[in-house]
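The following block contains the structure, expressed as structure tokens.
Letters A, B, C and D mark the chains in the order given here, with residues in each chain numbered from 1 onward.
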Amino acid sequence: MQKESHTITIVPRYCETDQAGVVHHTVYGVWLEMGRTELLRANGYVYRDLEKTGVFFVVVDMAIRYRRPAFYDEQLELTTTCTGMSMARVEHSYLLKRPTTGVVLAEGKTTLACVDAEGKVQRVPEYMNLG
Amino acid sequence: MQKESHTITIVPRYCETDQAGVVHHTVYGVWLEMGRTELLRANGYVYRDLEKTGVFFVVVDMAIRYRRPAFYDEQLELTTTCTGMSMARVEHSYLLKRPTTGVVLAEGKTTLACVDAEGKVQRVPEYMNLG
Amino acid sequence: MQKESHTITIVPRYCETDQAGVVHHTVYGVWLEMGRTELLRANGYVYRDLEKTGVFFVVVDMAIRYRRPAFYDEQLELTTTCTGMSMARVEHSYLLKRPTTGVVLAEGKTTLACVDAEGKVQRVPEYMNLG
Amino acid sequence: MQKESHTITIVPRYCETDQAGVVHHTVYGVWLEMGRTELLRANGYVYRDLEKTGVFFVVVDMAIRYRRPAFYDEQLELTTTCTGMSMARVEHSYLLKRPTTGVVLAEGKTTLACVDAEGKVQRVPEYMNLG
């Protein structure tokens, strides 16, 4: 991957809030996945197409630290960074910020395993490992 | 199908609420699907197994009338009734109640089409049509 | 409302698909809500701010016809049209299209009621009714 | 809390699966929350009622290790254990198993902070700390 880091805008949807008036904490994982997808796309890969060639990435580890609540319909920035790649694994870290103030709302880390259509671990395709 | 109607208990999850303090309206569709699944099971069919034999049911029409809000962690009752079955379609109606008061929270209707793994319309299996 | 119709782009998220390989039908309701929010914004209103002034819109009726499946990560177009407004109600219709082919994936209709923070029906604010 | 551990049954819903044919990884966080709620209930506390008295618990840390995929409509067992409680924080660990085989599907850990309705950190109520 040439670009190791990529930032996207996240705008919480109404259905993503809960009765405490903030975004439900399980939604952040959805955003992290979107961040990874767009980092991949910024490097020229479309996850949808990878799957069609039998390359799947599954989450084997996810950790999120929630620092401050996120609110409905505010503009947030999620930065996804590829922090490591081994034979069959890819690691990312994430930073979710409120850009108007620079405040960090959450930090995250995930480990993905590269598997085939049957879920068997396989090597990360070589073309993704260059650079 | 011998049993045309079946009632299940629904307890709204925290993540199903929104910042208005009630269950988000799109969650009801999830409950209707659970109602259909359990009506099927009450008749001896497991949808998971049907899919394995190439029988899929897809929603082609869904209508919900929301009468009163549903709240987090309250016990609700959802009654699902099979109201019609044709060559390739099945119709259901739904009633969501608060059993402590008998108040109706919502009513729904769906039409399902029977399709194969490629999404092509096929006949509802004959064994589901008896009785 | 001066603009009666507004179109947004929808890109299905991975978590919005199900094991049949298509977007789960209950997700469409989330998209309709996003369509309404953006039609409102195109007319100069921010739903988040309306709520802060005690103006809530709740869905009392939703009907969706599903014509063709939607797939992960494809670009779709959702057009939301305000089709009627009475004292305390607003009606919308929706058209979800695959713009590359013009194929209609789904059509929808909703009725919203204007309520206060306690859920009591109130008039749609006059400023929304002009024009 | 007298009971430090509690086990509930989880049956994945259709909408919780994704196009890879397994439960989407972000759903596990929803189940952990259900596990906490039922552990609380097994100790005589109803989270819904705690909120009404101004006692909120928010997730500040969540970590999940995904070992094996979970499938639609299978019976799973989630065991939630309270592993620590300080002035304003509560820690839990989680084990998700397929009871028919004893296989562990996932392990999790969360840290909750006790906050008031405005999100300000407050002490965990004394009555929850006894025993």
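What we mean here is this: contacts are C-beta pairs under 8 Å (C-beta built on N, C-alpha and C of every residue); 3 or more make two chains touch, one makes a residue touch a chain.
All values derive from a computational prediction rather than experimental measurement.
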| item | value |
| --- | --- |
| Superposition rotation for chain A onto chain B, Cα-based, multiple of 5° | 180 |
| Taking each chain's C-alpha mean as its centre, the one farthest from chain A | B |
| Pair exhibiting more inter-chain C-beta contacts, B-C or B-D | B-C |
| Approximate Å spacing (C-alpha centroids) for the pair chain A, chain B | 33 |
| Length of the line joining the C-alpha centres of chain B and chain D, rounded to whole Å | 27 |
| Whole-Å gap between the CA centroids of chain B and chain C | 23 |
| For chain A, residues contacting two or more additional chains | 14-15, 19-20, 22, 26, 30, 33, 72 |
| Residue ranges of chain D in contact with chain A within the complex | 19-20, 22, 25-27, 29-30, 33, 51, 56, 58-67, 69, 119 |
| Residues of chain A touching chain B in the complex | 14-15, 17-22, 24, 26, 72 |
| Residue ranges of chain C touching chain A (in the complex, touch as defined) | 13-15, 30, 33-34, 37, 46-48, 72-73 |
